[in-house]
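Next come the structures, one after another.
Presented sequentially are two complexes of chain A, the first with chain B as partner and the second with chain C.
Presenting the complex of A and B:
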């Protein structure tokens, strides 16, 4: 059973009495690549964490098409700063499979396959923390995708990477998209958003300003703030 | 200075002649301490992992108490274990007083807080690093603990070795609960205390040198076996 449609109603998260995001109303139907955009502090990361269940909902509700346990199993998250297990590349890739009870030989085969897909096949025995930033992010991406989740959250995955690493990661994301995986990704990079987005959620002050197909957003943004953001103006 | 030389030559003699008493008490020292270390680590390491990943109401208090117990006076531990295991005590029926088992129990009580506190520091740091990833992977509490224990295993080895160091050199508690009985509960530390009391400083010093050598050898052996300092490993 698919995760989508995802329904968000009055969702809000607060910390020490301060509302970080919300109240939000969203309907996501699995458009392919959903890009979450907005200025710094607009709540992009919090929205992703909220949808993923990593941030606590203090009001409202988030409802998946399937039960919550299945929804959690069918998701993965890639962080802006990749978290590496203190293990080898191979062991990092095998970890999510072993959590799910996949036998070691099969886990190893799948890990080697994914390492090849992201260009880390020559580094299986190296310790993950010894990899470069780009290599670590590719490893984090492969580790998130190895269980073939239906939905992948990505929090500015290329923010700290150079052009080459960004291009390689975008290629992996396109392949994932082509294979049917749904992506919800935050980014600051307008060019990247144009290259990847099927739909855009534009956030400001923790609220959804626009949720439209990508072409519509980039060609004819409805809100003044979105127009200013696309022009490169400072949006407050 | 004369005592020191006499001690060195006595240690040399004991080692070269493989003195049967020395071998016996050395093996008993190792048996008691390594047993206490294995049992203590089996209790302390999962406890440290639990305290790192689990949030509960009295968590901070438990950690504070654990840290405070690192300085637990061995003599008091020995006294409490003695009372518990003595014939009139609640566990007197087990007949464990003045046996190596009683010595192991006392040492476990002494080293568990030490190992758990040191291990908790390492696991807490690792947990702060792994927190978001493991939460996002929806792992169970047991899986979190196992992951932390495995990935921090080399830091945890240091915690266990600190426990070994404390246990192998401990005398107060095991003297009380073991009784320093020849061919039964005499270990290196209690033998040193006995020989010092008798005024045989050379033998006491000789045994002390053997004890230091033993502690260093076990530490080096464990480091070598686990390749702690090998390049690219933790």
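Presenting the complex of A and C:
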């Protein structure tokens, strides 16, 4: 059973009495690549954490089409700065499979396959913490995707990378999209959003300003704030 | 603040607190589900300039991550496993930080009549006799270990149970959801229960037996076994976790006006 549609009703999260995001209403149907955009502090990361269940919901509901246990199994999350286990590339890739009880030989085969897919096949024995930033992010992506989740959250996955690494990461994301994986990704990079997005959620002050197909958002944004954001103005 | 989740899928998330120092700590899903980490980690970053990266797993996995040197410290709640960790040389000592308690959750109409039990042992016996649906974490977590220990004390071995006993191999939130969907009994730590948003027809049916005490302890990972362990940062965090500031935040953390944890670190 699919995770989608995902229904978000009155979702809100607060810390020490301060509302960080919400109340939010959203219906996500699994559009392919959903890009979350908005100025700094608009709540992009918090929205992703809320959807993933990593931030505590202080009001409202988030309801997946399947049960919660399946929803958890079918999601993975990748962040801007990857955190590697202090092990080899191969062991990092095998770890999530071993947590799921996959036998070592099968886990190794799958790990080698995913290393090849992201261009790390020559580095299996290297210590993960010794990789470059781009290589670490490719490893983080492969490690997140190796269990073949239906949905992958990505929070600014290329913000700290150079152009070449960004291109390689985007190629991996396109391949994931083509394989049927759903992506919900925040980015402050307008060019990247144009290259990847199927739909856009535009956030401001923790609230959804627009949620539209990507073409509509970029060609004819409805709100003044989105138009200003796309022009490169400072939006407050 | 940055958190890694290593449950059934491996996920990573990061906050926006800029900190100079970084260390890693494996914590239990029940601790993380309580929401307390969202209060403590920003305060730690603010007070110490220390980013604590969390690896959120069951106690069994947390201990394995500590054994492998993947983390600098662990915060778990299974005394027997903690003492074995120390005895095997993976950590120099354990420091108790706080406690909450386990509660027996079940359908509000309580078909096994556990609400009439006087001990946790007799509550479980009532469930087994009624063959009422029971959801087990089944994930080698501290909560799972506790549940197995309670069954053993009650004179049962879950391996012999019929299909009414369902081991789901999942974290606390997911297991509670399964129990909610099945109208089943389940053992939960109180914090996760209070923080759980999909209670459905479930309610707390039994609590208060001293055997349900749930002590959380902080264990540094041995720098002798793993020289890359950040000893100074581990020490710094330990001092903070046992400080008056931590006591105030831990004791002051409430959901629905109920305190979830009691600070009990000794100076």
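Methods note: the second predicted complex is superposed on the first by the 236 of 236 C-alpha atoms of A that agree within 3 Å, B and C clash if a C-alpha of one lies under 4 Å from a C-alpha of the other, contacts with A are read in each partner's own complex, and residues count from 1 in each chain.
Keep this in mind: contacts are C-beta pairs under 8 Å (C-beta built on N, C-alpha and C of every residue); 3 or more make two chains touch, one makes a residue touch a chain.
Please read these numbers as outputs of a predicted model, since none were measured by experiment.
Novice: Looking at the overlay on chain A, is there a clash between chain B and chain C, or do the two fit?
Specialist: The answer is clash.
Novice: Between chain B (first) and chain C (second), which, if any, makes contact with A:61: first, second, both or neither?
Specialist: After superposing on A, A:61 lies in contact with chain C but is clear of chain B.
Novice: Between chain B and chain C, whom does A:130 touch in the aligned arrangement: first, second, both, or neither?
Specialist: Only chain B; A:130 stays clear of chain C.
Novice: Applying the document's definition of touch, where does A:178 land relative to chain B and chain C: first, second, both, or neither?
Specialist: Touch partners of A:178: none, neither chain B nor chain C.
Novice: In the superposed arrangement, which partner chain does A:85 touch: chain B (first), chain C (second), both, or neither?
Specialist: Both partners, chain B and chain C.
Novice: Applying the document's definition of touch, where does A:72 land relative to chain B and chain C: first, second, both, or neither?
Specialist: After superposing on A, A:72 lies in contact with both chain B and chain C.
Novice: Just chain B (first), just chain C (second), both, or neither: which does A:52 touch?
Specialist: both
Novice: Have a look at where A:96 lands relative to chain B and chain C in the superposition and call it first, second, both or neither.
Specialist: A:96: touches chain B and chain C.
Novice: Please tell me which partner, chain B or chain C, touches more residues of chain A.
Specialist: Partner with more touched residues of chain A: C.
Novice: When you line up both complexes on chain A, which piece of chain C, out of 40-48, 94-102, 148-156 or 184-192, runs into chain B?
Specialist: Among 40-48, 94-102, 148-156 or 184-192, the clash with chain B belongs to 94-102.
Novice: Show me the chain A residues, by the header's touch rule, that chain B contacts in one structure and chain C contacts in the other.
Specialist: 52, 54, 72-73, 76-77, 79, 83, 85-87, 95-96, 99
Novice: Across the complex, what residues on chain C touch chain A?
Specialist: The touching residues are 2-16, 24, 35, 38-39, 42, 53, 57, 61, 68-70, 168, 170-171, 173-175, 177-178, 181, 195, 197-198, 228.
Novice: Please give the residue numbers of chain B that touch chain A in the complex, ascending.
Specialist: 126, 129-130, 132-133, 135-139, 143, 147, 151-152, 232-234
Novice: Hey, which residues of chain A end up touching chain C in the complex?
Specialist: For chain A paired with chain C, touching residues are 15-16, 45, 48-49, 52-57, 61, 67-69, 72-83, 85-87, 95-96, 99-100, 140, 143-144, 147, 149, 153, 155.
Novice: Which positions of chain A touch chain B when the two form their complex?
Specialist: Within the complex, chain A touches chain B at residues 52, 54, 72-73, 76-77, 79, 83, 85-87, 95-96, 99, 127, 130.
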